[in-house]
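First chain A sits with chain B, and in the next complex the same chain sits with chain C.
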Partner chain A sequence: MTGEPILSVRDLTVQFDSGDGWRSVVEDVSFTLNKGEVLGIVGESGSGKTVTSRALIRLLPDRVSRIAGGCVDFEGRDVIAMSESALEDIRGGKIGMIFQNPTTHLDPVMRIGQQIAAGLMLHLGLRSRAARARTIELLDEVGFRDPERQVDAFPHELSGGMRQRAMIAGALSCNPSILIADEPTTALDVTVQAQIIELLRTLGRQRGLSIIFISHDLGLVADFCQRMVVMERGRIVEAGAVDDVIARPQHPYTIRLLHSQPGLTAPGSYFDLDGETKSRNETRPAPQGDATYLAIDRLAVAFSRKRSLGEILTRKPVRDLAAVDGVSLNLTRGEALGLVGESGSGKSTLARSVVGLVTPKSGEIQLDGKSLGKPGERQRGPWHRQIQMIFQDPVSSLNPKMTVGETLAEPLSVHRLCPPADVKDRVLGLMTEVGLEHDLLNRKPHQLSGGQCQRVGIARALSVEPEFLIADEPTSALDVTIQAQIINLLMRLRESRGLTMLFISHDLTVVRHLCQRIAVMQHGRLVETGSAEEIFDNPRQDYTRKLLAAIPRVARAR
Partner chain B sequence: MSATAPGDSGRSGVIGLPASLLVGGAIIAMWVLLALFADLVAPYSPIAQDVPSALQPPSLDHLLGTDNYGRDILSRIIFGARIDLQIGLFGVLFPFLIGNIIGLVAGYFGGLIDTVLMRILEVTIAFPFFVLVIAIISILGPGLISLYIALALVGWVSYARLTRSQVLILKNSDFVGAARVLGYGNGRIMLRHLLPNVISTSVVFAMTDMVLVILLGASLSYLGLGAQPPAAEWGVMIAEGQQFLSTAWWVCLFPGLAIVLLALGLSMAADGLAHVLGTKE
Partner chain C sequence: MGRFKFVLYRPLQTIPVLIGVSIITFVLVRSIPGDPVRVLLGPRAKPSIIAAVREQYGLDEPLVVQYFYFIYNLLHGEMGRSIIYRVPVLDVIAERLVPTLFLLSYALLLTVALALALAIVAARNQRRLPDHLVRMFCTAGLGLPAFWLGIVLIMVFSVGLGWFPVSGYGDGFWGHLHHLFLPALTIAVALAPVLTRNLRATLIDQMEAGYVQTARARGMSERALFYRHVLPNSLVPTVNLLGVAFSWLIGGTVVVETVFSIPGMGQLMVSSIFSRDYLLVQGVTLVFALGIILTNFIVDVVNVALDPRIDP
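For the complex of A and B:
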């Protein structure tokens, strides 16, 4: 079944209007998709992978973008030269597409059944009754448990995973021969991601679909695809069978990408990135002593739901939403504890209550034997000199109106940590420590890259010389090569400063890399705690096993 | 509000600024300069009466004609810019300050403070704007000071709501969280971290508001509640001229055009400013 090409792209060049002339975003891209195969396109943000995929069905914004050259040969016709009306037959008809964020690609005020049926009526000319029946079959095929009823659901009534299944059903409704999947699982939790990939795999096999799978996640592509192309800055730098590329990468960029995969570098050792650091093995500092440093005792955080007028009038009791539900956790001085869980598991809320951004309902937090007290009182305590936090979204964690220099100088002068004359030197010292060029001093956040912003965030946290650093998903908004740099940095800082660290992530491989101990959370409760080896090699709980099983193959290789 | 609308910034103008800001700015600058150097520019005194040459149509002697007391309309318009610009400035400044402080405090602290301030705000909004302003001026007695007090008491609500809604969003953002984790005081967080990020919308709104305030000032003067005759104020001039509308159109028309021109300049500048502030960061 495989072998003969169904879609071939030759010298595709796409340009965007940059304000002063056209700039090529995708340049001379050529590849072929064979019948029945899954082709992966891997690249980081800005590599042009999404633009490439959209250019295939000319789904690019008018005026600001143009296809400057090349051809896309599909069933013997050039999609680029095709008339707009002929194109309608292809989009959503012969080539289906699913997107990263199912929420924004589904109409919130339309039932999902109607949205899927609309395509059936348009492309296949079905009557509404037949379209509905077909829709129910499709929903059944993509794994809806009760399609008869769920066909009338609105998007907000479905979970993220179910929404993506609905999108897939819509994309497949007209029996396309090609499915383009643009980061279809990036917005989803890891266990849901595994389910969606499994679904795509099954559907691909059953229907003989050819799939173009676009992802930033090399592990996922290696797991799912037979062939892959690697894109960097609008060009294809490497292409070939997945196993070949992974085993014998040729291009420096591919090598860097592979070296950045947390699952492929031994836990605790530095990522080998262009000789940024010499790769030392097993540099994890041992915990200094066994004394408990942070003790969280039966902590509970609840968010009260706004009551509706009806509920107020009938005095109906409203159940609060328990975000953290009786969690007890200890950290010894100098250790790095990884806190893992999916969205909604309460891991961020737990971290935020430790730094006083969230008021716990009950329970106690002790730092170095002293209670942190009620959050209202904590503002004035000296605890902020001991605990600092780095945030998930590096850009929004910096004040957009302040320069790097101002951001870093502020804590020094507010807490009078050094004489005013020395502030500038201290700021430059911090910048050096986190690997920021000194000429970035007067830049504002929007003039920095995500990785640079995160380094500023780390430097700001370090400015008050904390003993304890909480990192809340510090790399999940970053590209994988940048993630590797940031993790290298955090490991180096842990060594040089002897920091105790609570590292929160949804990604078990990242946590394993950095932490000696791992705690797993689900639905606000602590499911399992143990050393990294125990959790990985001998998980006791089903949920932990499920999380581990969801890790893509390449990352699991070691 | 278009203040935060990203995208096409109309960056056609010189030095990267939108054309509307440049043109609007030029018009405002012209009025400001005329007002500052009125003594030098104006051909006649604004209040010197010359009854024999009353109600003359525009001529070389009196470019825009004369009114019923024989006063030169061009001179009166130039001197009138002083009063109307002053109304625009003070009529917006006080509501701007009061509104932003209230919005910032209510949004940041929330809870009881927010509830109380917002109830006061809602009560203020419940009355029709003009009626309330006129009522307050009537109590205080006509004059510009009364006008400023009335505007300060009534006009703050828009700024308060605008700022509060943005503070509500921003106070949960990570950089404010980081500031709290770093142990900064509430005052610092409000003034250094929140205010600079919410003020631009307010500034743009103030520019548009200034147009309305100048029109309001002119209307109130027209009703006899604002600037008092014989002061040269555009609203007063129109009021005085309306009885001659059918015989001497220039008495009303030119002050009217002056208001339109200033309002146009302000709106264009506001529009351009919205683009600059909205897209810069």
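For the complex of A and C:
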């Protein structure tokens, strides 16, 4: 079903200025793209997959980077050796490109119609009226419901999914033969991701496009691509048909990637990573007793809308935005409950109001039978220590000016948990527990990797001996192999410390892996709760089914 | 165009500000040691005459009463009579306002032109010779005091080359343009560096932005994407800074007006303070306050026009 090669890359090497000389970021990369096929490039951050994709149309920053060798053969010409003006004809005209974040990659002060029409006027020489008419057709094609009106919208007036559709319309406006998609769905919700992938699939088929699809998500690549290459540290380590690579991975890195996929390892068992202990298989501790530990009763949180001067003076009632709308939820001691939902569903707000970072409008929260206080009059108490939180962005949740040691020592001294002389021992003990080398003690966050930062965040939460851990998307900012390590760590800690856990994620497979019970939220309300098996095998609500259907294929296999 | 609705109600919000300004200046002026009548009549005036003049200008009334007279008159479009000039305050101000407004607009135009040109050259030639030259100009412009620069410009271009008049305001539009070039340039050289540095930094920042990548990937030339995407996105912070700089300038023209002998508001302000001409000081201060409020208002309108995301 795929034809002859349309683009072939041979021995591509890209170097970046590292301050003391040129350092290769992409080395000797070779692959071909055939007509009409979807080729996936998989790799983690720093693997060079994005740099490779940019190098194909020479979109790399001047001066700090250079293409040190190799060629990119397209229609019998070498893109690398091409003149700047010939290159401008190919960019957008023959090869279209879409980017990861549609919010930053569309000009915020220009109407989307104008941005799309710019390409049409440039490459096809259309006059502005014809370009506008064609733009409206394109918007219709990518699924805009009211293109006549939305052609004049500014990017901020559209949702993330619609922005990505607009970007696709722009990239395809001049009928290119190749589309390069660089993580086009990473910034989007899972259901929106599924829609965008479906759109790309349809458009690819209808227009006979060849697509290069760059992603960190093996599941997504397996779902969407016919062939794939796996990149690690600037090199291609494995290439082949998607089904072959997944069924019979050859390179250790590919094997490690596959072993890190939450959907491919049995729920509740440790990920099999080299260097990690591969002990018992079924490690999920049964809930210790049925006593309710945390009881959330009809909790509501509202954020006030900005009021205009007129509204303030006339005391006109303004409807606040309900972020959490009457949610009741119970956790038994020792249980891990997964809270899933898309952005804006209120799952983070719910967690934040349990910790006390957000003041609820009404409702009650009880911890171990004791009320945490009425909304607005919540006081500091021992529960401050009992409930701890881990945050999504591991780097920004640490104080950039404090070393690992200082970060971990601070809660110990704030809560006067141990005599000053013992602080250092305690800190080192915590570091051992979360798998941090002791020589990282005096490092600051910017000298650590994302995974190490998240381990510091976990150690900080553990330092005050909590009973209850709230993890708000702790792995979404991390690479999948790092995610697997962090999940392994969280499972081990739950086992050794008997922690109760509320685990928030947009990723159902991760939640399924870690939690016995799952609660689904949408628009501030609880849609469905049930055991992990019930939710996955027998979902009762349409929304849950939609979320499940959006999970890419490799994760669902087996 | 719902975002522009604030144009209708924003002026109402200036009323409390103006009341505050009027009270503060009223009290401040009267707390300066000295007495306008004594300044007017000289040290040897008889007490009875002083008392009579004080009564004539209402200066013998309690402060609160004087303030209400002031507000009452203001609402009737009166600011009272200048004690020194013995003509209505408004007439004095009207006469001095025109040169200052002309000078300010002229300086603003030169500043914007200078800052735009320099910042664009610097940003597009980052870390190359033009960028370094612009940086040197900015450091020099920030370092040179306005009175010194003014005098040097006069010596070179007026006295030496004879291209521009030494002082004064000139007649007619072209006369003003000719006479005020050097003073406006003096202000622009002092003001442009801050704006240039700010705009250059923003431009360089925006050149890395995602949407620039998108435009480049769509085949747009470097030049086109700079003027169509990078520049429009860089203007908002610069316009804000320009507003602040201009507000500062409104009260700060006095040095330039003195060096170039321009009969403007800055000079009037200083002389009226020295002569304790209460009513005139109040009038001038109110006009300055209005000017600053107006500037901020214009900055808001321009921002809303430049950036569709701003919804005041």
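Basically, the second predicted complex is superposed on the first by the 544 of 558 C-alpha atoms of A that agree within 3 Å, B and C clash if a C-alpha of one lies under 4 Å from a C-alpha of the other, contacts with A are read in each partner's own complex, and residues count from 1 in each chain.
FYI, contacts are C-beta pairs under 8 Å (C-beta built on N, C-alpha and C of every residue); 3 or more make two chains touch, one makes a residue touch a chain.
All values reported here derive from a predicted model rather than from experimental measurement.
J.: Based on the superposition on chain A, does the combination of chain B and chain C result in a clash or a fit?
T.: Chain B/chain C on chain A - fit side by side.
J.: Going by the contact rule set out at the top, does A:19 touch chain B (first), chain C (second), both, or neither?
T.: first
J.: So, does A:122 touch the first partner chain B, the second partner chain C, both, or neither?
T.: Only chain C; A:122 stays clear of chain B.
J.: Which angle, in steps of 10°, is spanned at chain A by chain B and chain C when each chain is reduced to its C-alpha centre?
T.: 30
J.: Looking at A:387, would you say it contacts chain B, chain C, both, or neither? Reply first, second, both or neither.
T.: A:387 contacts chain B only, not chain C.
J.: Quick check for you: in the superposed arrangement, does A:460 touch first (chain B), second (chain C), both or neither?
T.: first
J.: Quick check for you: in the superposed arrangement, does A:107 touch first (chain B), second (chain C), both or neither?
T.: second
J.: Once superposed, minimum distance in angstrom between C-alpha atoms of chain B and those of chain C?
T.: 7
J.: Where on chain A do chain B and chain C both make contact?
T.: Residues common to the chain A contacts of chain C and of chain B do not exist here, since the sets are disjoint.
J.: Once bound in the complex, which stretches of chain A touch chain C?
T.: Listed in rising order, the residues are 57, 59, 61, 88-93, 96-97, 99, 101, 104-110, 115, 118-119, 122-123, 154, 156, 167, 170-171, 309-310.
J.: State the interface residues of chain B toward chain A in the complex, per the touch definition above.
T.: For chain B paired with chain A, touching residues are 11, 173-175, 177-184, 188, 192-193, 196-197, 281.
J.: Which residues of chain A touch chain B in the complex?
T.: Of all residues in chain A, those touching chain B are 19, 352, 355-357, 379, 383-385, 387-389, 391-393, 396-402, 410-411, 414-415, 444, 446, 457, 460-461, 464.
J.: Taking the touch rule as given, give the residues of chain C at its contact with chain A in the complex, in rising order.
T.: 9, 13, 208-211, 213-221, 228-229, 232-233, 306-309
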